[in-house]
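We just call them A, B, C and D in the order they show up, numbering each chain from 1.
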Amino acid sequence: MRVRFVRWPLLFITLLSLVLTACGSQPAAAPTAAPTTAPAESTEEFTFGMVLVGPINDGGWNQAHYEAAQYVVEKVPGVKFIYIDKVNPADRPNVKVEQAIEELIGQGARLIITNSAEFADGTNIAAAAHPDVYFIHASGDKVLTGEAPPNVRNLMGRMEYGKMIAGCAAALTTENGKLAYLGPLIDPETRRLVNSTYLGARYCWENYRGRSADELAFKVTWIGFWFNIPGVTLDPTKVANDFINEGYDVILSGIDTTEGIVEANKATQAGKRVFAVPYDFKGACAQGEAVCLGVPYFNWGPDYKRLVELARSGQWEPAWEWTGPNWSNINDPDTSMIGFVKGPALSAENAAKLDEFIAKLADGSLNLFTGPLYYQDGSVFVPEGQVADDKTIWYTQQLLAGIEGQSAP
Amino acid sequence: MHIAVEHLTKRFGAVCANDRLTISFAAGQIHGVLGENGAGKSTLMKLLAGYLQPDEGRILFDHAPRRLSGPGDALAVGVGMVHQEPLDIPAFTALENLLCAAPPGVFRSRRAAQTALQELAERLGFPVDPAARLDQLTVGQRQQIEIMRLLLCGARVLILDEPTTGITAAQARSLFTALRQIAAEGRTVLFVSHKLEEVAELCHTVTVLRNGQVVPPGQLPMPQPQEYLLSLMFGEAGAEPPIYRPLPLIDAPPVWELHRVTARSGTLQLVDLNHRFAAGRIIGLAGLDGSGQQVLLRLLAGQLAPDRGRVLVNGRDLTGAGPIAFRQAGIEYLPADRLRDGMIGALSLTDHFALLQGRGALVDRRAAEEAARQAIAEYQIKATPITPIAALSGGNQQRAMLALVPPDARGILAEQPTRGLDVASARAIWGRLQARRDAGCCVIFASPDLDEIMEYSDEVIVCFAGRIGPPIPRALLSSARLAELIGGVGFDALVEAVA
Amino acid sequence: MEQLLIDLAAVLAAASPLVIAAMGETLSERAGVINLSLDGTMLLSAMTGFAVALITGNLILGFIAAALVGALVAAVLGLFSLTLGQSQTAVGFVLALLCTDLSSFLGAPFARVPGPSVPFTPIPVLSDLPVFGPLFFRHDPVIYASLLIVPFTAFLLYGTRLGLIVRALGERPAAVYARGVDVTRWRYAMLIAGGALVGIAGAAFSLDLKQGWSYRHTFGSGWIVLAIVIFGGWRPWRVALGCYLFAALELVATRSQSALPDIPTQIVQVAPFVLMILVLALVNLAASPAAARQVMRLPAFWQRPLLAAINRLRATAPAALGQPFERP
Amino acid sequence: MLWLRQLPDRYTRMRLDRLKPLASLTRPLLALLAAFVLTTIALLSSGVAPLEAYRLILFGAFSTPVRLSDMIMLAAPLLLCSVGLSITFAGGLYNLGVEGQMIAGAIAAMVPLRLWPDWPPLLLWLLAGLSGAAGGALWALLIGGLRRYAGVSEIFAGLGMNFLASGLALYLVLGPWRRQTSASLSGTDLLPRELWLPTVDRLRLAPAAPVIALIALVIVWWALTKTRWGLEVRAVGLNPAAAARLGIVTARRMAETLAACGALAGTAGMLQVVAVHHALIPNISSGIGLLGLLVALLARADPRWLLPIAVAFAAFTVGSIQLPLTLGIDSAIAGVLQGALVLFALATRARR
């Protein structure tokens, strides 16, 4: 017997939906993606949208952005916040950044924040298509290179300082001088952050521990993306475990998520002594208080508040911004872009040394990007007697000599 | 155990396989059940052994009615059935077969089971190795193990379905001895067969089935005149005598020539074969299952490449050329399992002819349908050109498979060409094959049925334990001699005599 | 030496979910049913196990929930294939995709959320043994379970009467039916028991080895387990060996980053999967009749040992694997 | 139906005849109902109003021209894949490797585009199409080889080749073909604008894509039903042993079906490159191949049903993108609906 099964009804539904659409019975509530002119109520309520690469509760990079947006809503009256998170090829294989941006604009967003280096092209394409909407591409440099339309700004924090502090904390605490860095993907940003960590660690290893730089092992393993994408990246859990099995006793995280500290905590419970330095988000130590040496974090709130107000007032102009900490109080939630919270596992003695280190960075008496600095292949990064300028640091080409790990993908 | 059926009826669709049967089988005796294919023997046995449930009527065990929900239920009552192809687990050892799903409490341990098996084997005169895997054993040995398993699991009624097909004469003799002993111990044995001689030799009573009914109603005590039983089985028409034909010329051109061929398949190795198979004759391959007939057929069909030596077809060297080349050279292989290997069940006869057209990018359905129509008329196939092959009866499928053999075929290799067919269909098939032979084909067939070999072969080749004997003209062979050769008696002498 | 010991222990640990799942699949395939939904089942049960453990704060409940999910999916597969007679392959494949999407949908709120994990529990006294201590007795309960389940499965299949029935179900169900066993019911039982193990394996990922939940968290593990069961010839010890081989490949892949600076990181993630299939292909190739024919051409001196090796490599699938049961 | 028995005989027969087509609809409707019940339970369990979700899933793809064009651009490769799979299903193969064949096709299509970007676009598109189809076919043939010579079932060979293909794509995106600035998982550099398949103004719709898919559908339908090749393929699929006995070179037909499927999947991959993503991205196949398997299973590899089902499934997928944007739930629910549909359709099929 030949039975036609679900195919007839399926055809029916397809046709029905076509007919319904054709008859104009389009549901009124459906958001439209067509280009919109500014809604009339924009003078009263200002909507800004955010496209996030990961989930808003990842305990890392994305949560920092999300909480910054909440900070803006709290501090600026009449502002509404909408977002789409997990925009990445693994979580949403069929959604492109442009599509997500268009949906947000369709829902009335006048300012769009995109928070991943991966979003550079999509942000530019959408910005060109919507010249009346403002865009902040966080962590990008297309304004600097001149490829971005005029309604785009770039914003990034000088995490280099945070990473130097992190490296120092690690070097102060390590028992065997073996530090491991859980790296995301390889690009100029991650290279300069790894280098900063190494510089901080080497300085404190030499100056506070009084040991030779040769005795410091510093290894990077890149997982391949900002967080674990099963099947695409290395599994950060496995990588962290492998660090521990190979005897590294501090795991510094450079990825968006918290596998490093979780595994260090597990290993410590299992009788080993492994410390961790998470990344990105102020509250990240909560994943393993006992092993947390502290966390360098982003505090996007103040800058987003400033830019939202700027966009609202229409005083927008393209800019590439690279904001540093407020050195008078790096943990001030209203002024400092970059902060460092000390963790419970950092001993009081080391905490004091770390404070001393931070003070040196703050007063400018210590600049770790001072030559001579060499790349892994022996070529010169910063010549002797010179100090690297922003552009040299931003476009770091390789990892520094002394670091074990890949420099280029 | 006394066993009886009353008004037992089983229908399959419109066919009434068992029609209000009322019979009883006394304990301590061997009861023969005779009947041609499709007479309802198997259905009755399956009803008794719990494989089927009756539509009407009832079965009484020691005069108590009992519904059997399955074979396990039947075994609990005390009925065990030995199938023609033993229903055991080939991948297991004899001992594991014994233990697998044995009723609780029968064997306390592996060791106990092994002891019980060896004791029973000694009593019945069956040689057995408890650690041997069944797929290394012959059908006869597997049958012995199956019988012992059922007895050890408490069978008081033993049903044997065509037990002598595919076993050696020696094994048959030892089986009969064992069955007599089993009956003497007070058990009931039902012996299903279509071989009158065996029934006459072994059974105390006989029941004849025809078209689902017992004829005449009730059991007959043995012995009975053979002609009488035949007329009961086949009705008044009786059996036609087979047609004999003198051997064609010896110098007919060879279809196949084997030169020093060595081939292996699984554990079986054929060594140093030198044969020529001439056109215009029917050659029967006799032997126990797995003695080398299948390997030889596959070798001749090109499905098996020889390790050494050369295979010539019609004088052309086709060594290792593959089945397609053999087919193009006019060799046609007709497998035993028609639906599994022979034809495509979901396609119709027209589709099959379309497949055979072999040229042109598009299918010429008109021509194919015409060819199918012709074949249906010529081969008396009960089907339309667009009936799926799977919907045909076994006999019609076999005819269809023959009809699909191209008219210019030079060699036909048939594996059990009448397997599962009733007498009338088998005759029709053989009529066709003989016509092919007369048209100059060389027909080689393998069959476990010695009567068929004796009846239709012009020459007989005996296969024994992977060795292929020389062709013996049918006229020089008797049934008894053939049975001996199959069992290996005098096989070496025969091979040496020819060499 | 010490490093080797640590690495071996890491391989034992990393393979534990695979081993548990592979034993489950071995059970159901031995009974003649292919559970092709493995990958989806593992994802769905990993997600459920994690979610339940997170919400209730109870790890045991998480594992129980995961086992139930695995059993449920297996039961659905049984319903469609054993009872309704559909192709096991088709139903299994559809279930694999369906469960994958279901896990993504229902698991979205739990994606990349920190949660509970199985605590490290070294076994007192035994863990201080030289060599054996660090290798076998300094793990957590999930890993101990994975170490125990292999001999258990082997014993079940080869040492018990139940095992005889299970193997017979996969070899010749008609014979089992003739012995009075309800084939369908027992196939259901094995399928569901196997499914529960697969579910536990999923939870072993999300609650222990790859702690947490994310979209397609166990990426491809289910498929690779299916391949490993074939590689292992449906024999528990060899199947387990396959799992450890795969885990070792993964470890090597992670380590290889520093050694192979020109290879992008992401490649090494995929490499073990490809290598495993390649190994399967090579083993099959070596055990094929064609290889045996090649061996026959060699001098007689080599023939015997090589043929013996080929015979050892050869793994025949249960004869009735994937076949619907028809009463004789 | 008891009441029918009381009616006069002639009348009854007439009524029953009329009811027949309706009766044949009950099973599919049951399947549809069951699929929706399952999906509704899933939706309710995550606290979403099911009706709103269904409205978005079922009609979301048609609500604006942009979404309609997105749907068509998804339906085109989906149709290509499922058309290809209907060939392998006819040949009795479960080609789970279709995903990898798509990736291989996309990679192969990139080769001429990267080698000679200055050549005339028309020529380049043709070259990309040919090379994409060849790449997919080659990839599929590898599966055939593994099956034939190493005895690896095509299911696992296909999966292995999928892993290999995605690894290769990743390697190219992050290695030799990486962006000029820095390697990025978001793909290679975008192709030059003039190499993008022309699109309808302001929409992402490249009309060439659906046209190619429809042409492939018609050709395959014709080839499977009218030609000797199609008949032979079906014969091999139904019973390889018997087909071989009837003189069909089964291994060759199997290889051909795989290659044909691979070529179509490769073409789909090519379209993903030149018409959708305009670059090679790691996830270029986006699960379209596996979705194609569902489509082919639901259509029972009957080419006539592929188009409506592929369109419906593409609509579900595109419509479901609205879910996270407007309802904040995961779009995977469309996959649940699709999977459940196929599953329950299987269940209501007559036992074979």
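Simple rule for what comes next: contacts are C-beta pairs under 8 Å (C-beta built on N, C-alpha and C of every residue); 3 or more make two chains touch, one makes a residue touch a chain.
Predicted model only: the values in this text are computed from it and were never measured.
The greater number of contacting C-beta pairs, out of the two interfaces C-D and A-C, is seen for C-D. Centroids built from CA atoms put subunit D at 29 Å from subunit C. Per-chain CA centroids place subunit A at a distance of 76 Å from subunit B. Look at where the CA atoms of subunit A average out and do the same for subunit C: the two points lie 37 Å apart. The distance from the centre of subunit B to the centre of subunit D, with each centre set as the mean of the Cα atoms, comes to 48 Å.
Among all residues of subunit D, those that touch two or more other chains are 166, 170, 174-175, 183, 185, 282, 349. Annotation for subunit B: no residues touch 2 or more other chains.
Of all residues in subunit C, those that touch two or more other chains are 220, 264-266, 269-270.
Chain pairs that touch one another are A-C, A-D, B-C, B-D, C-D.
On the subunit A side of its complex with subunit D, the touching residues are 1, 3-11, 13-14, 17-18, 20-21, 26-27, 30-34, 84, 86, 89-90, 92-95, 99-100, 102-103, 107, 117-119, 121-122, 185-188, 224-225, 231-232, 408-409.
Partner subunit C is touched in their complex by these residues of subunit A: 54-55, 57-59, 86, 90-91, 185-186, 219, 221-225, 227-228, 230-235, 237-239, 241-242, 245-246, 257-259, 262, 266, 269-271, 286-287, 404-407, 409.
Within the complex formed with subunit D, the subunit C residues making contact are 36, 79-80, 84-86, 89-91, 93-95, 97-98, 100-102, 104-106, 108-109, 220, 223, 226-227, 230, 262-267, 269-271, 273-274, 276-278, 280-282, 284-285, 288, 290. For subunit C in complex with subunit B, the touching residues are 161, 164-165, 167-168, 171-172, 174-182, 293, 296, 316, 319, 327-328.
Of all residues in subunit D, those touching subunit C in their complex are 42, 45-46, 94, 96, 146, 149-153, 155-157, 159-161, 163-164, 166-167, 170-171, 174-175, 183, 185, 282, 290, 293-294, 297, 329-330, 332-336, 338-340, 342-343, 346-347, 349, 351-352.
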